[in-house]
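Across the two complexes that follow, chain A remains constant while its partner is chain B and subsequently chain C.
== the complex of A and B ==
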């Protein structure tokens, strides 16, 4: 059964296309929502647009959908320039943040809507909607109305509806933000599974860094209408190019230090930490600011240790420790739960760099 | 006062909570009963009066005389025609305007809402003369015919129809629904037909009913423009034959109420959630009509 459906959908959905956003600009009065933004997605790629609210990520997505008027720039889908094409003729599937199912139609009718508009025969429509409802695992709920479905189910139907028209590009605008944590993680994995299965080029907007890291082929971190960095989740997390990216994706400690050699920096009250000097060579003796992830620091119990434990919070597999020293410095360290049990409230602790500093920049 | 009593009862902390709750309930039903009596007594009294003949005999002659008056049918027909025309014009004006405001210029919602209330503030005579002056240049097909009355009524009924439709639009996430429809390939006509209008059914119905009921009860403007509509006929009859006038107002009540009931039953069954809204709305209109005519 599943086998048959899979081959069916594969034959129905075209392979992903390339998408290019070139110099997109959008101004609201004097405020720039998009400042000449450039982004290229390769066929079948899932790109996450990540950033705080107001960074322009949703504007970019809506511009790609044709729902936002641009002040400048070009949108290319495949080799077609669609900049001037209205949303209804772009052949794009979109899932929205708020529940956007048509309340007057059943789940099945919602999925079939795009096909009905395209004048597809009703037998063809039924076949396609049955296929898609099966893909999202909601066949038994086909005849329910949106208000009879849970939030997660509604977003699944919205996904099926977006996919029914065999779109060239799939756009997801914070589709999980209204759901509770467990459903969110589940649906996130499901979206990725379906996206990989269909090989459809996909843009996913979110402000949740965990979601971005889990889903993306590449993450575009946006700030004030521009892409600050675009790279694989691993690179964005472990080699951020700017302070903003380092702080937005994951937690960081901000420390001051002095460069002591080509790839070592001496950090106050901690000691020597290694760093990757390839991109940012500094002269010895330069005063710098060092950004270090909580898990890149290690703790030793020693009589000469200056650091004291302030509080612990248990995160499951790891424990977050808040430390302070007599000069008032504060540092967050993340250890595995096993390691953390050894640290007690009155232990004298010293810190050391376990792995590379995330980012070193001139103070 | 009622609300306060009920709240105390729900908390269940007061020693006599159950008693207080009962008292609150009795109080509410008491008020409801009083209001009901207030509305039903005049209708019953009118009904009794309309069946009263000479020497306290019971007769239906008031009704038979009315039904055999040709003017009864012609004025009723005219009023229904004007009513339907007003409803069509109102919807043709409201649907695109309100949808456009909500999608494109949501900041102006308040402004348009206040504009829609103006007919309540401006005396209807002024509105009447304004409409006539504005459409003076139009061909006689509008000026000399009841069409002008329909134009007047569209404006005069706007405070009711606009608010009803506007709040229905407010209740749905119009922008997201339209965005979703567009991304699925629907143009404006299909969007309106399959997505927007079906989800605004209760609002459309409410606006239509209010506009229609307004037309069937309006006297001043029709009289001013010397059209003998149903309410004008009613007043004319009242000046010569009291019992016929009362019979007529009861018939008017029935004629307004029946189509409303039919519409509500048909639409109410399809959409259970909007049912409550429309029923309560109809009750209000019915009451307004009663007090207006009697």
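== the complex of A and C ==
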């Protein structure tokens, strides 16, 4: 409360706190939504919980918020064990998927709600809401009701409302999923800007890998109530530790191959591709399955090439090409738009590995 | 490919991000489309005109006429004096009391039903309410007479136990009795009306208020009750008009011993009391129409507010 009433010019700037989720378990009848999940966030870090529907990411977020009763585990915010504290006493700001603004209140009144609950004076509330509406660029819309705001504006107000109470932790539960692509990208950048500006420890739940890669300091990829891998976006994308992570974050080609040397694998119809053998050493001659990103493959036009173009998808800066060969094998290759213009429908094509295979595993 | 993307971008920027306008040839012709859309309502409008609007106008017109067909205000003058004034007061008091009780009980019952996670309970309450809300008239009056009437089963049991409610001021054949009997169909009606708005209260609002530090009581004070107030008020108005216009139950139960507008009106129209007073009956009818119209406008106003918030 003291913090909430402090509205000096730097009042928005604060140091984030460390958050520890230790052995969180949650069961719905016999189905495990969370299986002894462990996760630590450093002060000011933005962690994205990424995974398919039903993987437990929202359950984990709600458990942290105090909106979900746990069957086991501990939630630590800073050095304080908040496991048994109700949501109303955790001082956590939360933004929901959509429609969470109170429809009977204006944008300003929504932002001031948490302060009103804390019995902050009317003048302090007005000052704080004005600051926050300014921060999210919605000062002119302060007196509008939620139904008079667009989806993106509503989510901005929801963010301002969550930040108004000067929470120690900010939780965002798929806040962009109901918005159209352009607004989604804009608001995503804005959330990151504000989060960095405030230095608040943040957890962001999404099933959108692009959103996760763009936003996160670290991504926790979840599957069936457990964290499959937690790492920086670059590492999760380029060094996935499991097949699930490789396939969920980004696109992959699944190919058959044989190990030909310590760091080379010979892939059927493509040729030699290098791989990082540090973690997964195989003996020469081992039959393996090779996961390769579409952009890790290159194309050459050659008279002896066996690959043919099936279709092209224009993605803006790049083009996705679907190729096939006489044995029915299919691969996806991603080239820059400039490179892709050279590939014609009747071109005879050869493939080669431009960079390391993503993952190599025993067939 | 690139050029088509540019075209789309520019169209979006012109229309502020909205979808680009459809080509002129494919654009629907608005006038014709509206005309077609409205055609389905014609039978209903004809029905309304024949059986509601024309009779209502006829009632109002004849209310201003004497038996000889000349203009007069004497029907209205008589309608607001003596037993007829008393019948308006009784009807308004009865409807108000019955609607208040049904509103309070009905809202609590609806909240309980919506809080239940048992689907069977919810389905049973919904379908049961639909049946009971449409039950009334002589069968309902008889069921109450048989249970809590002068010689009803429950009255007999209570009398045997040493407490005859009729010796302590209770009478089924009074305004209080009617208020109780009306609950039989008003409470289910309230439940039917209130379940949808209560279900429209989103879980996210409860969760958001909790995460912002609010207790459950604070949520209801600042969010839940303000959101439900317009639908509750709208439902109260519906209940009031329903009770105000109820005729058969009151007639069957009290045999006209309590002056109520519908009963007085019925007596005048059927010529039970004095022949040739149908114009006075029309004046009473016009009075009822006026009250129901006021209630209807209030309902529409409140409902418009409610629909903005809970959808």
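Annotations
Methods note: the second predicted complex is superposed on the first by the 350 of 363 C-alpha atoms of A that agree within 3 Å, B and C clash if a C-alpha of one lies under 4 Å from a C-alpha of the other, contacts with A are read in each partner's own complex, and residues count from 1 in each chain.
Criterion: contacts are C-beta pairs under 8 Å (C-beta built on N, C-alpha and C of every residue); 3 or more make two chains touch, one makes a residue touch a chain.
Quick caveat: nothing in here was measured; it's all calculated off a predicted structure.
Superposition of the two structures on chain A shows chain C clashing with chain B. Of the two partners chain B and chain C, more residues of chain A are touched by C.
In the superposition on chain A, A:102 makes contact with both chain B and chain C. When both complexes are overlaid on chain A, the residue A:56 reaches neither chain B nor chain C. By the document's definition of touching, neither partner reaches A:250: not chain B, not chain C. In the superposition on chain A, A:294 contacts neither chain B nor chain C. Within chain A, the residues touched by chain B in the first complex and by chain C in the second are 65-67, 86-94, 96, 98-104, 113-114, 116-118, 158, 161-162, 165, 171. Residues of chain B touching chain A in their complex: 172-173, 176-177, 179-187, 190, 194-195, 198-199. Across the interface of their complex, chain C is touched by residues 62, 65-67, 86-94, 96-105, 113-114, 116-118, 145, 147, 158, 161-162, 165, 171, 180, 182, 314 of chain A.
Within the complex formed with chain A, the chain C residues making contact are 1, 17, 202, 204-205, 207-215, 218, 222-223, 226-227, 308-310. Of all residues in chain A, only 65-67, 86-94, 96, 98-104, 113-114, 116-118, 158, 161-162, 165, 171 touch chain B in the complex they form.
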